[in-house]
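Per-chain residue numbering starts at 1, and chain names A, B, C and D are given in the order in which the chains are listed.
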Amino acid sequence: MDWSVLLTDLPTLVAVVIGVPAVLAAYIVGGEYLVRRLPDKNRPAVRPWIWVAPALLLVAGFLVLPAAGTIVQSFQDNRGNFVAFTNFGNQLGGFPTGGAWIAIRDNLFWLIFYTLFVLAFGLLLAVLFDRVPYEKIVKSLIFLPMAISSVATVIIWKFMYAYQPPGQPQTGTLNFLLSTVFHQDPRTWIQDTTPILGLLPLNNLAIIAAAVWGIVGFSMVILSAALKGIPGDLLEAARVDGAGEITIFRRVIFPLMMPTVVVVGTTLVIFALKAFDTVYAMTNGNYDTDVLANRMYKLLYQHFPSDYANASAVAVILLATVIPVLIFNLRQFRAVEARR
Amino acid sequence: MRSSSLIRALVVTMAAVFATVACGGGGTANAGSVKVMATWTGVEQASFMAVMKPFTDSTGITLQYEASRDQDALLTTRVAAGNPPDLAAAPSPTLLTNFAKTGKVKALNNVVDMTALQSEVSKTWIDLGEPTGDGKLYQVFSWVALKGLIWYDPKNFQAKGYNVPNSWDSLLQLQQTIKSGGTTPWCIALESGAASGWPGSDWVKEIVLSQSGPSVYDNWWQGKQKWTSPEIKLAWQTWGQILGANDANVYGGSKTMVSTNFADGGTPLFQNPPKCYMHNQASFITANFQSADPQAVAGTDYNFFPLPDITSQFAGAHVVSGDAWSMFNDTPQAEKMIKYLTTADAQAIWVKRGGKISPDNKVPLEDYPDALSKSTAQILVQTKIGKYDAGDLMPTDMKNAYWGAVLKFAQNQGQLNSILASLDAVQAKAYTS
Amino acid sequence: MSVATATRQESLAVPFSPRWLAERLSGAVLHVVVIGLTVAWMVPAIGLLITSLRLPSDIANSGWWTALSPPFKFTVDNYSQMLQASNLGQGFFNSFMISIPAVIIPVTIAAFAAYAFSWMKFPGRDWIFLALVGLLAVPLQLTFIPVTTVFVKLGFTPDHLTAIGLPPFIPLWLAHAGYGLPFSIYLLANFFRALPSDLFESAEIDGAGMLTVFFRIVVPLSVPAIASLVIFQFLWVWNDLLVALIYVGGTPNVAPVTVSLVNLVGSYGQNYQLLTAAAFFSMIVPLVVFLSLQRYFVRGILAGSVKG
Amino acid sequence: MASVTYDHVVKRYTADVTVVKDFNVEIKDKEFMVLVGPSGCGKSTALRMLAGLEAITEGQIRIGDRVVNNVAAKDRDIAMVFQSYALYPHMSVYDNMAFPLQMQRMPKSDIDKRVKNASRILGLDNFLKRKPRALSGGQRQRVALGRAIVRSPKVFLLDEPLSNLDAKLRGQTRIELQKLHRDLETTFIYVTHDQVEAMTMGDRIAIMNAGILQQVGTPGDIYDHPANLFVAGFIGSPTMNFVPVTTSDSTAKASGFEVKLPKSVPAGKGTLGFRPESVTDRISDQTGTLDMKVDVVERLGSDQFLYGQVGSDSVTARVDPKMKVEPGDTVHLGLDTRTLHLFDSQTEQALI
């Protein structure tokens, strides 16, 4: 390795180590200094805006304005002419397999199964690990997949799902188990659309599973932190009262963790709606595994010239599905507010 | 008191930061630089750097090379934002053609030596470089690949006494012989992540060209020939003959076909005992053979024969593909570089390192590192009917539908009629925008 | 703590009584379940690790588990090839230069904002907060073109920034901050909101200003939340490929290590086994970050503050 | 000089949610004033307005002569002990107590002196380095007090400081707090819902209900002369007996007995109130009489309470502990007419 880069990149280094924290600290100290010079009466009105301004500015620039542009674009064609709902018609026509419907269906699968699996596993692992003395080790191990980049995650799961014809030595872990332990024919996990339990196509499940594997560390860490926030004496008291562990979980732990579960759940629902990386790398939406974000990406970047109009319509559909989640959050938010 | 000292400390550090950064601004070399974006990574990147070394050494121009396989998104964004690289090379002309049509790239007619180009490079490549049809050259091709090569393990052929087929019939016969020997003749691998299906589309387009000739081929990718027309349907059916009923001619059948990555497609050729004897892939695949087994010797451990001609009238027809260059900013440095890239000398450097073929007839056959690449180059030079990859020339929607249709056909050949009908439906829309 | 609980439970049951046995067993079951789940979860990663130590020809022809039985043919070729690849040092340096500010900026700014959203009153507060949560759903791919267009107009390109003596990473820092803020604010605000209001009122009476309350009470008490946020933001930034390519590009002087590693593989997938080694190599830094921050996930940070 | 004056103070959240209505109280310098009332009566809000934690909608609050409506909490020279103690969990006991002084930018040596002094008074010397979570409930409560003491404020505000302690500790701390009040010679304003705390600790008591101040006075005053039905029922344990009566001139007729009132009142309906200790087994010319059918007998050693029916009304009596009574008995008891209260049935105000 060539460490002389350290010298040539000195300005960057200085900016990173000193400049960035200095700018941030100077902003808030300076802002507060200005607020204090205001008359007492005006401070409460001005102060919050000083505190939220940097966040709002960044978010406005990177997310709000592009999103607003997208909404406008979704009602226009690629030359900027107003076309009302034509783009939405393209995406929402042809139910159940035309337009974006396969993607909508698969996003629904993601929404349900991805969220449920990640929440349930995260909660289970957090609660179980809390009771063993080697918690830190197992937690680190479960967290490990989070540290693996999504490119590598896809490679790993391609190894897991690899297929060789029946009778041949299998190179995929799952097919190896299937053929040696369960004496069944290997399956093409990523291509096989056989529904599981009459509902979820196997390949969708396989792709979702890979994504779940990569993100469970996230829900486990946050839920575990919330679990640690529950005072130990409360649990001890419940144990002394003779409550079983399952009762304690149901009646004490879970209700106290509820606000965190809502936060993690909301985040996961949104991650599910935005699902892209895994699908893009594994199938690019082939074999009926498409999702909205991937469909949008294809229209934007794998379509020449880019089809902004239809991509925007897909994005707006995606954004619209978030609204119920937001309403739920608003109620939760107000409930917490009312309680204090 | 505390906060004021804090503020003072901050002011001092900030001043220090700005002083440092102001002094540290780096200057670029006097000769300037060229920003280049391409998809060559890994070993290919090293080869490209080797190509560029004489250029940068002699001119003093620095090369800012950016390699990414997310080129579609990256280049689209850069161009839309008004910050394109000076030069970009793409493995297919689709993206660059789009930029040519929207006026984002510069014409090269006055940049490169047109007379030399016309004398050294076949008309196929020059026509391809003029996608707007007004005589303006927007793309040049530095390196190319030959499609429709059937790869096999000579040792296995010898052991079984199989001969390289020299006609379509003898290919079908060989296929039958291998099958009766208890092994599947073919390995086919269609999985390619985001682009799954394309290796099968190669089969179909090669058959179309060899079976029905260049004008059907051109009409077809231009959207003037229906997918349900007898010629195109016949090509699919011919491929179906290769696959066999229920894909019985292919190792592992449809499941293995759709789930095996194209990069691993040839692997079963070399297993002991071999799981298949033949594998159709473009010339680049030798790099994968070589990375899977660095000891393998070209010609001895693996070899190829061109897909035999189907209709004698169109004998010697080949599907080709290539790396296209376009120029987004006409800086003197970029112009110098693209001029350099069109020279036989530049192209020969990579040719010598293996893995690429030059379209330039001034690159001597001796420069090819082994007999195998030499014969590839020879075929290319002697090609009577060279046609560019039809899929890459189709509109995106059409191309994607084509690849998707390959996957569907591989899984169920019986659906051919409905598959072709739905391709026609896409064709009706895709060419209008 | 769990140890203390266990002894207490045992003392309640007579040794070898059915209850004692049941408790012993459930303890054993717990360990079996915990270790079993962890091992199962590790299988794909173990597979990757072993694959990274195998020859390319073996990888293509047999499953990774076959390497666990003799004859052993492990090799570190993939690792040495990967390490020899050029620009790894510069890539690492760039990754740190990108990641550190791209974590500090959004986490700090999000903490400011989350504090305001949870403990200050201002018109439209709830709606702005909700809109922020909603923005989590904006697909990033959608924002690339509009944002870069503006950046190019403002001269916020790596070339121009370098020319005027500023770090070329500024656009990327801001981008990661902008994209990371909705989640950061959402997570922190929910944590801050759960802090007992008495603490704030007490501090107010004690004469603590907003800054003091923020830095001396809110931040120390929110260490677990901040630590987890730092971990996630760091991971996302460290493992990011596309956002970096869009905003600073893939030229070696600015590209993060993810770009160097992904580019080990040829464009036709040659040498993809190098990625298995690269995956482990690039995992080291995030894992160290996780392990070093893990100690902040302590139980009951609020214990003793407001409960009797 | 640190009196506290509430002058027509109103707290309104929305147009129709008013939690404190026209609140007027003057708390004298060095007085121990208890604000008492059922939960939700507005007493905490009244205290928090004084502390500066809630804005005052209408009226004025003065500390001494200074109107503090627009003075920031920290500048009001008050200290507050919260029901939850609100200790900073990440700071040691010492730092918790030093925090308010650091905020005043007091020199370190002075801070140290004050914290040491406060911890000596409160017996916390040995715990200064501990974190709150390593303390018992009583110790935490004392840290909270210590944090208030170190500031030597003009006014101490205590918001239900004992409610998180167990019964025994509560009794002890009550006495300690009174001692502290004597030693510090400062105005204390103490909010509680517990009338026993109010009666035992307060120099004066202010009783609130539904946002309205009901009565202010010394404990004895309030006990003997409740201004209305609510105060009468809230103060005292067991609670006062209330019996609906019809009055005419100076007699009150209940469902089961008739009694002579100490003074004449207009004829009409009312509620007769008398404390259990007014119903005894002693009958004299100062008493009326009534016959009670006993349902429950409660013997407390020093006292004996009888719960039963007189006519159709429930009555509690306090009789000699030696009197032998069994449930089901009917006993003849005396009712002390000197301690009778009569409340208007409409306004609920005391008539006698």
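General remarks:
Please note the rule applied: a contact is a pair of C-beta atoms (placed from the backbone, for glycine too) under 8 Å apart; a residue touches a chain by one contact, two chains touch by 3 or more.
This structure is a prediction, so every number in the text was calculated from the model and none was measured.
If you take chain B and chain C together, the chains in touch with both are A.
Sorting all chain pairs by how many C-beta pairs they have in contact places A-C at the top.
Seen from the C-alpha centroid of chain C, the farthest chain centroid is that of D.
Put simply, the C-alpha centre of chain C and that of chain D have 54 angstrom between them. Averaged C-alpha coordinates give centres for chain A and chain B that are 35 Å from one another. The geometric centre of chain A is 13 Å away from that of chain C, both derived from CA atoms.
Taking each chain's centre as the mean of its C-alpha atoms, chain B lies 88 Å from chain D. The multi-chain contact residues of chain A, meaning those touching 2 or more other chains, are 11, 15, 29, 162, 297, 300-301.
Chain contacts: chain B has residues 3, 21, 24-26, 73, 76-77, 80, 261 touching two or more partner chains. Counting only residues that touch two or more partner chains, chain C has 60-61, 141, 165-167, 211, 241, 262, 272, 300-303, 307. Applying the touch criterion to all chain pairs gives A-B, A-C, A-D, B-C, C-D.
Against chain C, in their complex, chain D makes its touches with residues 48, 51-53, 73-75, 78-80, 82-90, 99-100, 103-104, 131-135, 137, 140, 147, 151, 164-165. Interface residues of chain B facing chain A in the complex, by the touch rule stated above, are 3, 6-7, 10-11, 13-14, 16-17, 20-21, 24-26, 72-73, 76-77, 80, 94-95, 97-98, 101-102, 193-197, 251-253, 255-256, 258-261, 275, 395-397, 400, 404, 407, 433. Against chain D, in their complex, chain A makes its touches with residues 40-41. Chain contact summary for the complex, chain A toward chain B: residues 8, 10-11, 14-15, 18-19, 22-23, 25-26, 29-30, 33, 78, 158, 161-165, 168, 188, 190-191, 280-284, 286-287, 297-298, 300-307. Chain C contributes residues 56-57, 60-61, 141, 144-145, 148-149, 151-153, 157, 162-167, 211, 241-242, 245-246, 249-253, 255, 259, 262-272, 274 to its touches with chain B in the complex.
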